[in-house]
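As written, the chain order gives the labels A, B and C, with residue 1 at the start of each chain.
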């Protein structure tokens, strides 16, 4: 019995094993089928790129134009383009690319773009990695730390369901910066590709500015930024980002110390998007890495106090956010959010929600877009979290005190408005309940005080 | 009969002819009578300038002060002012004005201000045109393209009814920039009047900044601006704005290419104030003029894609604006706007509206000021259109992606708020209707269901 | 009788005299007892500083760390720190401190920090006053003019009841700037402590930026700022702030003309926080002091007109503020503010309010914090006054026209919202009144029209 029973079991074991073995290639096929669509990423079949996307994500979308025919040498490229686009050629001449190492050729146009003018390509990070392997591997290493990170920026702006669902003209302004993952000239602008350029804070600000990431505004308003604004022009930017070389730090000095192309590994507060526990041992390791950088100029005690103050500010901000979130959660459980889950237009990629409608609160509930097709109060909470809160974080982290004040005032105002709306929704809900009672008085008579009395006394 | 009949007709013909001939001089007299008032422009009799206006619009208002007496030579002016206002004289000495062409005198103070110290004047563009005729004629040529334009800026800030009606202390901040039409030192600051200065983006930002025209903010946040911020200091600004002379463009490089003092002729989207059809042949001509400028550095395909993406962003923005506008139009037709047309205080220049009251929606319904004396929801729409929308346009046009995101978020918020207000107004209107029915029940009984039944069955 | 009566009176006179004599030392004792607490200032027992406060207010809170032991000479400090914190030492070497006057020693680290590494201190203004007595005495002289002023900045951020009551993580961002009163390196950054640095506008902007004091934004958006942005880099900043030395003024050029460390004595509008009478003789004296500075470059008439226009803008702004304030005062007298005075959570230092509850309107009613624990409409008024209004003032005062427009638009929006809320509160109050009448109809019958008729006719 035991044996034959065991034999039966062994036979049944094959069912899940085979299912699992089949699931893997089927999964790959599904993803591959998806990716064969018009767009890029897991949901590629469900969106179409605008024409300009071909430049933001050249690896996926760029197709060479065929206005000029022929295969050219590096010198020929330069000769012709010196007349057609002289600025570009001037930049290249000023770059290290144009200077041949002894016994070697310069890095000509064709090294990155190819030599066939009818099959040109725009270089992706892989192309740059041919020579700059260390920087590229550091950059790719960011993926280990998840998002936010440079290396995953484009993937998250394509694969993320709320990006797939978003109107493409509005995605464009996102992609313009998220393309930091798909091309290196976001920081090292073409065609000088200068390290000196990327060491300066201006290299970061086209993307790192404005809500929800006012790094430009907060750095340049800080004491660091003020010194930089005054005299940065005259510093020797050919020097590496190292102790004693600069009077004041830049973005890269702290976040990419010694030129390391990995900005995710020191991150404690994750861009301000989550409340984290700053006191884990992993975060203490990160904190010490920060203090090491700060100690290039500052006393260690000062640096630690400032970082702890940042934690304090974060906790204060999250207290405000949680107060708002709790209000909305209550409204949700009392069915006072309009439109309610089932009444909202679903996004194309909302498959599970079609079967199991869910209310949305906050970005990180794992749902597509928390900012479209939600009730007004939820949208306000999203804005409070995404714009006001993240701005406050950047102000506190970069030493821009006025920014912290202004953003906390905005959070106060948002919380006030959310409280007012919650109260109004609750009052309206109460009125509706009373109205229903009036229209259908049976409920009142059947269950009311008088009925109870009658039940007992008649 | 025929003859005399014909004669009669001929006699009557003289009536409209004479009326028309009289109308022309009467029209001129009316305008002239108006213009003879305190202010300037068509409505001059209806407003008084603040004292400071004499400097913003010197041709109209400047009266010389009489603290110093005498007629002076150029050298005498310089000698005295080197002690009184040395900064000004230093600037003049650094200007081309101070360098005499062979066999000619320098352009001394008196060339622009006159030589009689009791009858000094502040130079208007006409004065500058004495030497800089080409620039001035290009500048004046803008008028052909209507407003927005530099050349019509002051006229529109004086003749426009909403400016006449506006409290003068608030008009001052408008006039300070609109004076670009009435004096040349808005861009070429006194007394160096340098072309090099005006080539730089800073020349534009005192006026072209802040809502509703954040050109400063959007340029300096763009990739162009970032490069400029990094190294513009070291560029040779004596060079003309021409291919290959500058690594990155400035405002003037693109909008006043080759130094042409005409910025209106390439304008497609008209500052973002209107939805236009970008696909007319006239706009295709303009688009090609843009692509020509972009092609100094960029691939033509890239430039065209970017411009098309701008059209896409605009259409998205206008979809949001129209959604708001439609809501307000519906409220208007349902008589739910408070105060209603007839209840609003009229502006002094609102003559026609006195007889024929009209609700206001949006700036371009041809009415005076859409932002005073309107209902709250209309004001919100005005702000959405004027501040949020125009800012989004500038962000998209200048390549400042974060600005587009932020401004579209503001538009979303404004639209959300307008929807909420519309709903509240409609609910309040419904309640009022129900209340009236209750107070005057005759309407109910006379026209209600029961009455209809009785009419048929009794 | 008269004598003995007089004698009696004389005897009673001693009672208030003795009471007064006792009151003085008791008052001192009370203050001293208060100040012996954890924090600083009059309410020191009622708050605890965050750790980082020890650097913002070193005189009160800094305690030396004891990582290194020993007493060192100046040369020894420099030798060791050139390796530990080379940037600091470089800065010191570039400073005048490192250059010994003939027959004197340089100003070494120990001159300011002490020589015992286990008892180091952070220098307070008193330490700097040892050499820079004139500047320090000018700075201290500001106290005569009250607040706002640099010299009283920290005191008002500690002693003020609303700061004591505020959550400390939010006070941190205030203190970071208010520490201008307790250490000199807010403007002269360590360790170069350069006068040239403080002459530039960047020296001020870490604190003077953002709402409610957008001096950074308004200066750099002005015509002055635009010229500074263009060419300030190349000016000779070693020159004193004096006529003819600079093409365009900086913050310090006007506010600290000739390097005078007293910025409060020319202030007419007091930061915009109050409506003042600009036409007093004291303010005419201040105005002339301004015109004197403006006249370094501008015509006196122009300067006076601009200053008068500033008064005009202020009056317009205050008209809007008063309209809002009157609305709230009416609501208060009609008992329509929720939470009402008695229902609000009191602040720890609100002793008198515990006995005599008061509604709050505006900062300057002499109450603790007008921005926490108030009703929503009051908070909106506070924000209108503190952020929108003060920003408009700075825009008008610094010649940033777009800022004035934008801030007045914000004031218009705030006023609109306050009016809407007032109307809603009044409607809600009316409904509550009607409801009470319905629930308790006796009021209606006892005092109604019918009752009055009966009283007279029965």
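Things worth noting here:
Just so we're on the same page, a contact is a pair of C-beta atoms (placed from the backbone, for glycine too) under 8 Å apart; a residue touches a chain by one contact, two chains touch by 3 or more.
Everything numeric here is computed off the predicted structure, so don't read it as measured data.
Taken as a contact graph, the chains are fully connected, with every chain touching every other chain. For the touching copies chain A and chain B, the fraction of interface residue numbers used by both falls below half; the interface is of the different-residue type. Spacing of chain A relative to chain B, judged by their CA centroids, is 38 angstrom. In chain C, the positions touching at least two other chains are 233. Residues 221-223, 225-227, 229-230, 233, 243-244, 246-247, 295-302, 305-306, 308-309, 312-313, 315-316, 395-396, 399-406, 408-409, 412-413, 416, 419-420 of chain C are the ones touching chain B in the complex. The residues of chain B lying in touch with chain C in their complex are 50-52, 54-55, 65, 67, 85-88, 90-91, 167-170, 172-174, 176-177, 189, 197, 200, 202-203, 205-207, 209-211, 213, 216, 233, 371, 376, 379, 383, 387.
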